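Naming follows writing order (A, B and C), and every chain is counted from residue 1.
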Amino acid sequence: MRVNFTVNGRPQEADDVWEGESLLYVLRERLGLPGSKNACEQGECGSCTVRLDGVPVCSCLVAAGQVEGREVVTVEGLADFAKQRSCGTGACGTAEGQDSQTGEGTGSSPRAALSPIQQAFIDAGAVQCGFCTPGLLVAADEMLERNPNPSDADIREALSGNLCRCTGYEKIMDAVRLAAARQGEAV
Amino acid sequence: MDFLRPASWEEALAAKAEHPTAVPIAGGTDVMVEINFDHRRPEYLLDLNRIGDLYEWEVGEESVRLGASVPYTQIMENLRAELPGLALASHTVASPQIRNRGGVGGNLGTASPAGDAHPALLAAGAEVEVESVRGSRRIPIDEFYTGVKRNALAPDELIRAVHIDKADGPQQFSKVGTRNAMVIAVCAFGLALHPGTRTVRTGIGSAAPTPVRAKAAEEFLNAALEEGGFWDNGEIITPSVAKQFADLCSAACNPIDDVRGTASYRRHAVGIMARRTLTWTWESYRGTAAHTEGVA
Amino acid sequence: MPSPTFEFAQAGGAPTGTPTKITQGSQTKGGIGESTLRPDGTLKVTGEFAYSSDMWHEDMLWGQILRSTVAHAEIVSIDTSEALAMPGVYAVMTYDDLPTEVKNYGLEIQDTPVLAHGKVRHHGEPVAIVAADHPETARRAAAKIHVEYRDLPVITDEASATAPDAILVHEGRDDHHAGHVPHPNIVHRQPIVRGNADEAARKADVIVRGEYTFGMQDQAFLGPESGLAVPEEDGGVHLYIATQWLHSDLRQIAPVLGLPEKKVRMTLAGVGGAFGGREDLSMQIHACLLALRTGKPVKIVYNRFESFFGHVHRHPAKLYYEHGATKDGKITHMKCRIVLDGGAYASASPAVVGNASSLSVGPYVIDDVDIEAIALYTNNPPCGAMRGFGAVQACFAYEAQMDKLAAKLGMDPVEFRQLNAMEQGTIMPTGQPVDSPAPVAELLRRVKAMPLPPERQWESSEGADVRQLPGGLSNTTHGEGVVRGIGYAVGIKNVGFSEGFDDYSTAKVRMEVVGGEPVATVHTAMAEVGQGGVTVHAQIARTELGVTQVTIHPADTQVGSAGSTSASRQTYVTGGAVKNACELVRERVLEIGRRKFGSYHPAWATAELLLEGGKVVTDGGEVLADLVDVLENESVEVEEEWRHRPTEAFDLRTGQGNGHVQYSFAAHRAVVEVDTELGLVKVIELACAQDVGKALNPLSVLGQIQGGTLQGMGIAVMEEIVVDPKTAKVRNPSFTDYLLPTILDTPIIPVDVLELADEHAPYGLRGIGEAPTLSSTPAVLAAIRNATGLELNRTPVRPEHLTGQA
């Protein structure tokens, strides 16, 4: 079957989709967007979290056919999404101009501006293997959108659907607190 | 596999009539796991996402008509006052991402004894509105669960909504899992006080082949409360009454040993939860308790 | 954006101790000792970092593995004809299709069939492989392969493995352990005898005994086994893979394919965690076989269900311990017997046995010991490497024993441990002296001195916040039945490969001028699995070469082996290799400088010269030349192997031998709240103190300690692969029923870092990755015992164990 939907603001069309395919598979294998991760494919880890019409969901549990005509935001579009949101609130440009001191890198792709939550994850040491990171970023960004001043318990509850095996979550807590603090200063 | 995308409820009923083996998919939180893990290859998937009616709820005089696909997140956030037991249960469902997709219709359709909504629905009193091209009917929740992962639906029927009595007294829900979030119930317990009828109702999850009520426990407690004049005098329920109620709730279980817990533990834990939720609801009824409902 | 005022909450604060003094590079920004940020951080937060499951190739096929549905059976027949006939299927292969006489692989013992032959020995063993144009086509084809099994009795424990008429899991063993094991169903046995335990026992005023059970833990790395094999024009294959050790994979893969190693090119793809679970091969050979058979690129990605069958797990164990002590609290002796279940194939079992036995006394002074550790062959899932590697199981048991002894003596459990704590100079039961700092008593003191978290935190003005209580969101208690408990534990882990293994790493370092700036390039085959080795390598290069720009070359087999990313060894050994190569590059750069500029300044000949900030400077700080001018168009490159001090094998009868190169120590204090009626546990705090020798990157050190701590908590209260004892089949291969701690289960983890230099190691550093995984588990168990008064001899502890309903 064919599925038409919007991903990170761009219309996309996927053809010859097998009816049992998940949104996650279509993103990763058909649209060249492997940022959403395939860690459990049973809704028990949150690594594939995307926003479907604004709502965080596990893309592994959305049938591809169910996204027809709908809007999806993935980790690849998170920086733009955050930028547009801050423009909407009159705080344009806060996502730009941050140097993360990660210069030396193994990759050669030009650095896109990062969203505040992405930058905070790097700065706080919340990234190790990084496989849980995309899902956590999408979930944490959405929580900070709803709740700019979360308590620790609020952060833990909002991220309780995202497993991390490397960090012991302490640096993830630090990262979200850091992003919230920076967000508070920017407004 | 074929993917059917009805744009309206009528189209969905027609599709289900034409393909009775079609598997409805709404939140996808059960169906997609089975597909991803190759446990199931239905001939037809019947997508219900486009049917807006299923995502709506109406608060009436006596009851709430809850669309089958209203996500648990919405129940938690918007129906806390009307459906406190179900709101608490909704908050224990899996993870925020799953609560954003899953709804009560899915729990009822799957009819797993571990579904989190069941004990709350049993305790509150509910009717399941189902429909086919042949017509619509309401199935009382007590008659809905017919076996392990089996329900009273005919092959051509779809779940449209659940009608749940609005709370006329305190309700509680409690669930044991071996993790503090994102966990399937080892066992669960729902309790609702109905001061209007001077009755209590219970619901037990994951401790029998189907979700069940502890009817003997309810009858015992109804009689004890009546006899002691508790509904009127608002006195503390005596420990011996609470204990017997808890023991009868344990006795209502017919659990198995499985990878999530032992049968013996399930009976034990249901008893503890029964006693605690009775204490919480009764304290709330007496109006003496300071906010003990937990967060929902 | 304004500079943040936010401060990271870190109890314990900055590292303390006596770290190694650094002179070279101490002025250069971003060197060792700084919390520089990950070079791959940006790619990882934008979703661009390419993990092994993200690999994609034009025209690629999907591989699928058919696995056994039973644990132990003869294969009567395999019929692939129906699968082969399916449209979209390009290849179906079984044992009979393997191209050479080499049909087995294995880390140490080559006992693992690439595809099952004649029989299957565990649930989920690979039987056939399929390549097709879509994963669903491949799955359907695999389902059409008809395998007829004839069931065999299952070996599931020591009794069934060593029964007189026991069926042999492996017939005709000829491996190098076969000769000294008491039964062919025992992979390896290592006794250690020192002093005379029986005689010493007579001096004991109290004796405690215990029988302990340790459950099967899964590494549960989040990135499932996956990779892409691309056939190459020369008849070889290029494999993009997530692994812990490229060259070990290569050594096992090439012979099965019938290719020389140089025709099997391997590049490390992004690795989504490892923790020991990628030490063994998973889909590597299968993907290469299908790629070579079809002439097309083949991608294989396990799903989570398959991942539980696709890698080895932590050995479950039975541990029998006896300790004695005098009235004044000195331990007299220890006897123990550790039975590890290795499952159907050897994997790392022999080395795990060596660790379990040699570290079975823990970080204590006990002169008279009688120790035996064995690993079994059974039909349970194969077990091998996981963070902590044999030392974890032992620590769980000996720390329970310490508490029992202290209780029996009426002593404080921490003081009792301190009284018996080892220190530098202590002789291990293997006869090896501990020749670097061993601050066991100090770590315990520090962890005990940390402030305790406040009690009854769940009580707020708005009522109970259930998120802070046992049961969490499930709303099981509002404080009823909740009792606090506190427990302590300390552990000892060896660092690096032991027992005479030639444990080396290779580093290639190049220095040249790029775009008018001196740039160093570091190329190793080290598997970055998340630990931050790439961050540390860049820091070492900056420190040793005085440059700011460092490029980390992707890890591949175009450079020599870097050994495994395991055994807490990479910063020590590959870090040491990078340091060594940098030093050699520095010498050559200075040679060039002397040649070009020596005549202009006498200091070139007389002073000690350093590279700092892109310049050659004297140790007095005088600038002699710019590196840009020294190098001009020249590049200096060195590839060199580097080894830590050699170790020795343990004697097979007495266990004596200098088997280990370094030890690592951590201590934990656990604070738990237990709902004693429902048996639910909330771990409130897991405070850790660890000696790291030298924190090359303090932020990464904290990440390792906190991550390891939580994995230890997981096996204490929830994580366990449950195997049916009647069928040897896995009952919970999913994240629904194999539970990892969520962020709501996670305690605060304050860390106190101590830096006592080990003069034998680069920069005085100590391998750190595993030690925190050891003591975390027994500390949590001790705290639960403290809260409940129960004995609790098994881990994980489940609600039914705490309520008498097991």
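Here is the rule we use: contacts are C-beta pairs under 8 Å (C-beta built on N, C-alpha and C of every residue); 3 or more make two chains touch, one makes a residue touch a chain.
As the structure is a prediction and not an experimental result, all values here were calculated from the model.
> Most remote chain relative to chain A, going by C-alpha centroids?
B
> Please tell me whether A-B or B-C has the greater number of C-beta pairs in contact.
Top pair by contacting C-beta pairs is B-C.
> Let me have the rounded angstrom distance from the C-alpha centre of chain A over to the C-alpha centre of chain C, please.
That pair's centroid distance is 29 Å.
> Using CA atom averages as chain centres, what separation in Å is found between chain A and chain B?
Inter-chain centre distance comes to 32 Å.
> From the C-alpha centre of chain B to that of chain C, how far is it in Å?
43
> What are the residues of chain B that contact at least two other chains?
36-37, 180-182
> Which positions in chain C are in touch with at least two other chains?
In chain C, residues 303, 465, 467, 473, 734, 736, 742-744 touch at least two other chains, as defined above.
> Hunt down the residues of chain A that sit against at least two other chains at once, touch-wise.
18, 20, 41-42, 44, 157, 160-162
> For a test of understanding, state which residues of chain A touch chain C in their complex under the given definition.
Contacts found on chain A: 18, 20-21, 28-29, 32-42, 44-45, 47, 74-76, 78-79, 94, 97-98, 100-107, 109, 111-112, 114, 118-119, 121-125, 127-134, 137, 153, 155-157, 159-174, 177-178, 181-182, 185-186.
> Could you pull out which chain B residues touch chain C in their complex?
36-38, 88, 91-92, 172-184, 186, 259-262, 264-265, 267-269, 272-273, 276, 279-280, 290-295
> Under the stated contact criterion, what part of chain C meets chain A in this complex?
Touching chain A: residues 1-2, 4-6, 8-9, 30, 35-51, 53-54, 56, 134, 136, 219-224, 270-275, 301, 303-304, 465, 467-468, 473, 529-532, 534, 538, 549-554, 699-700, 702-703, 705-711, 734-736, 740, 742-744, 746, 748-749 of chain C.
> If you look only at chain A, which of its residues touch chain B in the complex?
The touching residues are 1, 18-20, 22, 41-44, 46, 49, 55-58, 60-63, 65-66, 68, 139, 157-158, 160-162.
> Once bound in the complex, which stretches of chain B touch chain A?
1-3, 5, 25, 27-29, 31-33, 35-37, 41, 45, 47, 49, 94-98, 100-101, 180-182
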